[in-house]
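Each of the next two complexes has chain A plus one other chain: chain B in the first, chain C in the second.
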Partner chain A sequence: MIPAAPPPPQRRDLLRQWAGTPLTALVSAVSAALAIWAIWIVLDWAVLSASPPQRPMHACAETAGACWRFYVEKSRFMLFGTYPYQDHWRPGLASMLLLALSGVVGLRITGRLDRITPRVLVALWIATIPAAFLLMGGGWAGLDRVDMSRWNGLPVLLILSVIAIALAFPLGVTLAVLRHQDRWPVLRRAAVVYIETMRGVPMVTVLFVGVFVLPLTLPPGTRISPVMATLVALILFHASYFAEDVRGGLQSLPEAQTEAAKALGLTWSQTMGLVLLPQALSRSLPALVNSVIGAYKDTSLVVVLGIHDLTSTARMAFSEPGWGQYALEAYAFVGIWFLLSCAFLSWIGRELHKGQSARSH
Partner chain B sequence: MQQSPPALPARRPDWLGAGIVGLALAGLALLGVNIILNMQATGVTPGYGFLAQTAGFDLSESLIPYSSGDSYARVIVAGLLNTVVLALASLLLATIIGVLMGLVSVTPSPAGRWVAILYVELFRNLPKILVLLVLYVITVRGLPPVRQALSWGPLHLSNRSLYLPAIEADPRQLWLLAPFLLSILAAWWWVRRARRIQRATGRETPVVLVAATLILAGQLGFAALAEVPLVVSVPTFVRFDFDGGARVSVQFLVVLVTLGLYHGAQIAEVVRGGILAVPTGQVEAARALGLAPWTVTRFVVLPQVLRIVIPPMINQYVNLIKNTSIAIAVGYSDLMSVSGTIINQTFRPLEMMLITMALYLGLCLGASSLMNRLNIGLRNRSARNVS
Partner chain C sequence: MTTFKSLVTATASSLVLGAAPALAGPVMDDIKAKDSLICLVSPTAPGFSVPDSQGVFQGFNADFCRMAAAAILGDASKADIRGVGFSDSMKTIVAGEAHMGSRSITRTGTRDADEGLAFVATTFFDGQGFMVPRSLGVASAAELDGASVCAEDGSTTLLNIADWFGAKGMSYRVENIADKTARLEAFFSGKCDVYASDVTALSADRQLSDTPGDFVILPEVISNEPLTLVARPDQAFEAALFWSFQVMLNADSLGISSANIDEIMSQLDQKTPAVQRMFGADSATTDMAAKLGLPADWAYQVVKQVGSYGEVFDRHLGADTPFGLVRATTPNAHAADGGLMYPFPIR
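Presenting the complex of A and B:
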């Protein structure tokens, strides 16, 4: 038997939702006006008064809206910057590798791709990070050497975000364990000082230390490229934030876990590695995902140091004389990239929340 | 017979930890030696003597009198003050935007909720530096030059500054401090009296209105009686530029709006979470007891929301203070961009970064400990009122 269809929503309910009280009516009216205005502005800029990509560049001078031809002319420059043009497949492949690996890790965290064990993931990371550097740098198997100062755009953004986050994670877990334990009080105190100092200063200051002070600390005669110096600074900075997330997970575990592990005769390192850390890590995943989103977005702060990540190459694309009026097109490119990649990361966060609340009920 | 428990094993000193930390410090010392060697190779001896030297560069704006002939130390102080002003202004703007959008996101109106969600998601998924650069490009390219500045009455906006009327500074205005302190005292006495009356009789006396009137009227009355000069200066266009009034640089405005929008989105989420965390049963019970809607909000919902919301808000405020350092990207003379300029001029990155980080650390720790203390005070007081 076919069940009776549910009654349609009452018109009065709809009216009450939109304008139940004068205040609600006001909010509805203002919000609707604001939304329509914003949609109109975006639509007008991107479509209605835009110049389509098949029209030549000089046709853009008369249009008030977006110049789609700009993307035909400048997309490759914004993605890879001044990297040698005929070798663009190398940064392209390196970026694909890093993106694919990040995607796999993200899916694995949400419980998909169960067949890939954490051990395999760690091995993949250990293989991919040097592979990305070798591919970009060249100097082997007939690939031309490309100096790090010519590494630009998307691959630099990914190296400074994905690789920095991947390398900061183990350091962060170590710091969290050191701050949580009470077996070695001196180490705990050192971890507290390190974490609180790093979290108490802006990221820009840490980047400045990386780019200006770190090269001075090397023995006279050795050099470190700004990208590598920034990478080191970012690893040291992000680790302190990850450490606090993981420590939150460790603190949320009941004391009975430690006692039970001790009663079973496990040593300290067995208790930590087999009982406490696995549970703490899975509990701190949502907080970690939030920190990763923040770290990924903040990577674009390297612009202020003259390191050419995606935001910076976009700026270069319209800084040449004659291109100045296409600033919004260039920044829209970067904005869409961040919106899409952050949407993936936020989706992971939501999936984790769903999984956790499902387990706790 | 009961036996006393065995004595706890004596704590052994942490030789391993001390050893590792000692090694790390030794490593740092080695790096320090390298720094000294590297600096001596370029003919510089490490030290803070350079702070007394002439800075020789100009600032976009400064709260204290400053010219390019002043010392580096004075530039740093001016930069720090600029950071503090920027932080306070953005904090206010972010709170207003955040609370407003947080409230809109829980209204029954679908349009309101939709706009609030769109706003929050947009700014949570974009880097703040990108927002800042976009706003900067729009203002610098979109606004007219000084000659054709946009005007709304006494306000004028060009692609360099916002010009607004201000009260002309006069040393005699310091006299106003006396009635200010007096009226604060009077307002404090009135608040205590109102609370005593309410505790004794349950009768409510107006508090906010009376206190505000006392403070305002005390100032203005004294100014009128003692003839303290309060001259309003209005910016007027003279030949090439505006003269008189106060001016705020576009750089400041752009960073202010960026931080306001960016942290406003985060604060909106905090407020939304706080409001949704109050169980609906509480509101229904209060309504069933016959309390008016406003009374329900004021005495049932608000105290609970505040309790939930304040700790994450403190966190947001500290993050905001740290994020003012993005101002360096558009050249507003805050602490970070001042120290960047000094590093480029003197090439003393170690000394300058130590000062800058210490100042930021002090600012953040000071702000967070102050706000935490206020929060604890508030909590104790409300607990006392309930019991």
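Presenting the complex of A and C:
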């Protein structure tokens, strides 16, 4: 028998939730007032007292609100920094590739785009990462070579977040497996030491080690650019956090899973690859998404190493003499970018949460 | 350091041989082979080097990169100007991945003694000073006993303050704020009484306040900061840089600028011998060009494409810019006006 559907929630419930008791009524009124006030300030700044983009720059001096002309003049600079102007399509294309691929992965995790198998996704990553570097670096097929000191803005942010996370993930899974298994005690200990050390050190320290110590370990005569050194440091750092997320998933699996796999005659690697890891990964997804959001936002710390990501190019945009009063516009640009990208990531987190609670019911 | 030593030996051997028509050293050859001159500047130094909306570095320091490219390659736009942090830029030059640096590096004894770097020509004489709110009513730094000072942690600024206050037997308190924007904000909002930095930086930073008129820069300058061009050691390259700079200084004293150079060239035979020696077809500069391996009209190209020293100063830092520096009141005034910019004879 199909159970009767519960009645739809009544509007009065909503009213009761918002203003059932004097206290909730007060809280609701205050928060509504605050929200209206905040929206009014933003609206006033961005629209009502703003200077529209078609008006010239000098008109901005008299307006209290946003100077939209600033974005016309400086958007490309904030996105791509000192990359040669006529070649901006290259970092643009590289950024779009990385963004599109991240979007596809995000949608796939939430259960959409089912036709794209994990195998295809891995192949896409393997193709996209070198493609991004080749596009940015040039030196082939008539593309001018562009030094890494000119890689600024959005593409650097994406390389240091998306590529670092993409490469840290397999390393993290490997570390988690090594820490979880007991066939090779030496490797297990090594994984424990590595993970605990990395997690015990602040990210800024790891970055400084990457940029100032890593080059010393290379054979003499070779040099590694700060962007590459930072990328390596970030991969090694994020991997330890991913490893702990995945280990949480592995430990949550009942022992019976391993025993059942053994009883079926599966080898150790088959047990791990076919039985344990798939379940562990799907269980650790919410924690992984959480780590990814943290890792993504931490990327802006690379400013301390003299790498110019989006936050840094925004600062440079208003450092040009005569542009100093447009700091708010520049930071708003960066803020909107991070708001949108982090909103996407947390949307994935919420979708996963929904999926999980649906499954556990 | 092996690269540096081989550089020196190569330079030395080319000197010893001397038979070659040009003195061109390995750095000079590298610049010509690449047809591009890699020059490092500070990524964000308003007025000195900061990228414009197209991402091209503009400013006082960036123009000396263009000066070198105009002199050596005949085209100022062949300067590959890259924004790199301070310690990285030193390493990059020593490792041979850049040809020169124009980034407000103070020439000090120990830095000059390091191998792999050659200081060439001082383009800007700066010094450390103090800025205070007008409301404080202080007219001299000697009245700052017990003040709280906002300064950058770990910089020579703090060392200079310690020296200066120590010598006067005055006490002070440092507010360490690493981030420049935050530090300035703290000063403007009154969290510290004094803001210390190089005098030029002070006048630039003052512009970032909503009310620049509320702050005064005190007359005392407590340190000497000769900001100097650095090059990878190569005698021909260093000479080319040094004398290009001298051409800009000489042009300044002769009243020649990028605006009037073409007019002067068209009636060169009516000009003074000093002008003819700089720009004539068979002159001191063409003689130098042959020996250093420069284009014959290098002096003209420097003035035409970059300008005289005074022109470059006024374009980026002068009275019509937000910095509003009056060159005659700084140590960068012409020697004839009591400044330190002394043009060497080109002959």
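Criterion: the second predicted complex is superposed on the first by the 330 of 361 C-alpha atoms of A that agree within 3 Å, B and C clash if a C-alpha of one lies under 4 Å from a C-alpha of the other, contacts with A are read in each partner's own complex, and residues count from 1 in each chain.
By definition in this document, a contact is a pair of C-beta atoms (placed from the backbone, for glycine too) under 8 Å apart; a residue touches a chain by one contact, two chains touch by 3 or more.
For clarity, every value in this text was computed on a predicted model and none was experimentally measured.
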Specify the outcome, clash or fit, for chain B and chain C once both structures are aligned onto chain A. clash
First, second, both or neither for A:L274, with chain B first and chain C second: neither
Now for A:L34: first (chain B), second (chain C), both, or neither, which partner does it touch? first
Is A:L15 touching the first partner chain B, the second partner chain C, both, or neither of them? neither
Is A:A64 touching anything from chain B or chain C once the two structures are fitted on A? First, second, both or neither. neither
Contacts of A:T217 with chain B and chain C, given as first, second, both or neither: first
When the two structures are overlaid on chain A, which partner does A:P321 contact: first (chain B), second (chain C), both, or neither? second
Determine, under the contact definition given at the top, whether A:L48 touches first (chain B), second (chain C), both, or neither. neither
In the overlay, answer first, second, both or neither for which of chain B and chain C A:I336 touches. neither
Tell me the contact category for A:V120 with respect to chain B and chain C: first, second, both or neither. neither
Mind checking 24-32, 96-104, 186-194 or 258-266? I need the stretch of chain C that runs into chain B in the superposition. 186-194
Contact residues common to both interfaces of chain A (with chain B and with chain C): 220, 315, 324, 327
Residue set of chain A touching chain C in the complex reads 73-74, 76-77, 80-85, 147, 149-150, 152, 220, 223, 226, 305-306, 308, 315-316, 319-322, 324, 327
Taking the complex as given, what residues does chain C use to touch chain A? 2, 43-44, 46-47, 50-58, 80, 82-85, 88, 95, 97, 181, 204, 207-208, 316, 321-323
Can you check the complex and tell me which residues of chain B touch chain A? 14, 16-18, 20-21, 24, 31-32, 34-35, 37-39, 41, 104, 107-112, 114-116, 118, 122, 124-130, 133-134, 137-138, 141, 322-326, 328-329, 336, 339-340, 343, 349-350, 353, 356-357, 360-361, 364-365
Which of the residues in chain A end up touching chain B in this complex? 16-20, 23-25, 27-28, 30-32, 34-35, 183-188, 190, 197, 200-205, 208-209, 212-213, 216-220, 293, 297-301, 303-304, 311, 315, 324-325, 327-328, 331, 334-335, 338-339, 342-343, 346
